[in-house]
């Protein structure tokens, strides 16, 4: 079994706001992340697949295909976008690094599973080089 | 003469839009950067001062002081903010990496010059690790 | 389950010396690390917590709180210090990267467990970008 | 149990070519990687050992010894070499990142196991900062 | 005046060999770089342009255009290629980092000058993160 | 003219202390850097030479030779050492990043000038990735 990872980047805006709370509580809990004009990050995504290398190619999966899947499923939706305003992924979830990792998994897993070549093993999202969250699916 | 540099980071949103242009022209020239909901980056700022080390301390300037100047003059205004909407710096200039470098210089230079210890030599701003702009003042 | 990581840095000195050994054996085993004046590193610490995001906040834990815990429990004790001379952690253990990872775990685990929000999953310590040790607790 | 990692780099050439296929099929499947003159990378290798720190030294293993093992078993064979033409490792396997990780494991595991101090836990190979493969042995 | 830089990467093979020398002298001077099967690197290129930001756009040049120029003039010729065998650039010059920087300048300068928007200020080429060469044109 | 740079690292301890001052003034000015047990860093040194590539080799200088010069003149004296206690360089100068850059220049310049192949153009020293000082010689 090999764990094969491809990294990709996207630049996006977000803010933290819980609609069920007062403005005062939002500001107290989320601090400067509650700024409704938003702020942004260069996110880095790491997508890890687990599988056996094909003896004909030496590939777990073709990395060109994986790059295309990431671009189509994630970057087209999130790159140069406002995560709260431009995507449906965070209609009911605050776009924290944790929730972005889960949403990335949910976007990628069906396509990767359907391809039948390898399973999605984990998704890691860096908000900055100092902060990252990893999701390995429901277990 | 020593060139002493301190790096700092800030996370901000922006978009590119020229109010004098039609929406169509904005979209054609600025592409996905014209998204009015904004997108964002982890910017990295490098502030370089030129001066002689003080024989008593070995410092061109006290780096703790320089860190405080950067926090007060730049990070307080730009970190976790929307550069188009939350600051006056880009009221008449599009917040491109080029203009952010100039605006950072304009924010830092008076304080550094007034301190009389070293001159501001250059300001470099990274929008991503792949793109950066450098300003060395009007020459 | 999400694995949420926060990175932090500290600059410290250390040397390797086993008091039960002769000077000759210390020099033979530890080489230039046995220099009693010490040498130092910019250590990087990665603290990983495992837990479920709170549906109200999207947080496994508040990263501001985690940053404060790391600063209070680790950086206050180790940053700009000599690990052999300035801390009790290495009175009976040589401050190798391995032992620093264990000591960091021991400093962090009670506070994180007491908070009841997530469990400490692993601690990774980089001595340099080329060398790192990871501890996941007694298992 | 501590997981101790040492990183090392090597610069090598390779190409992707399956001798059982036509030139046309090789070009279609492997694209520009099928260029028979080869292209190359600065590979980064991470070797992770699992074990208990020796109470006398604080070492899982002596990192100087591990560095020497990596240099003798891997770098002497692969650094500044053409992986397809200069080594026996890829006579029957295409030198993809996946297969390089397996071949590195096969080169390192006997020496590390024979030393009896710690077990080889995983080998990670970066072809670029964006692409890496990890092998944890037959399980 | 702003100095605007865009970074790009390419993976290529090369060897060092002076046809006017004996095999023995090539091996003595160039060491393991003289391996005729070649070895390779992930090169990083930094292209710096100097100019004034356009008041309408805030751009010294459109970075999308600069990216396309680098892809067309450099990456199409050098990425996934063998520098000695696949390009005319090194027919009469050994592909050292120094000569790669000069060749990159010669490929980029005419297009950038012809565009009339900014001048090419410098080209920096990293062979590895530890080695880089910079060319600023004939002065 | 090409500017050719080689990077090298060393791990060292230091403290800041001016013998002409009271303990109280040292603590006030230098803060936690005044800890007499010392603390340390992974320093990174960048040595830049300016010269013309030799038409026979394509080298400004042989990078193997430059690596050896840096190891002999700098790393042998400073790596795994305490800069205040183990070297003569900081007998009359506090080992700030500024003074380390000057001392590195003074150690390297005679050997590089004597070799007659290229001139030392600049020395840059990183104390951390966030702080660096550059010296270009007396001008």
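By letter and in written order, the chains are A, B, C, D, E and F; residue numbering begins at 1 in each of them.
As a working rule, a residue touches a chain if its C-beta (ideal position, glycine included) is under 8 Å from a C-beta of that chain, and two chains touch if they have at least 3 such contacts.
Note that the structure is predicted; figures quoted are calculated from it, not measured.
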Chain D and chain E share contacts with none
From the centre of chain B, which chain's CA centre is farthest? D
Self-contact between copies chain A and chain D, residue sets same or different by half: different
What is the chain whose Cα centroid lies farthest from the Cα centroid of chain F? A
Chain C and chain F, separation of their C-alpha mean positions in angstrom: 29
Distance from chain C to chain B - Cα centre to Cα centre, in angstrom: 34
Separation of chain B from chain D, taking each centre as the mean of its C-alpha atoms, in whole Å: 42
For chain C, give me the residues that contact two or more of the other chains. none
Checked against the stated definition, the touching pairs are A-B, A-C, A-D, B-E, B-F, C-D, C-F, D-E, E-F
Chain B residues touching chain A in their complex are 9, 11-14, 32-33, 35, 37-42, 79-82, 85-86, 128
Mind listing the chain B positions that touch chain E in their complex? 16, 18, 20-21, 29-31, 93-99, 101-102, 129-136, 139
List of chain B residues in touch with chain F within their complex: 1-8, 53, 56-60, 62-64
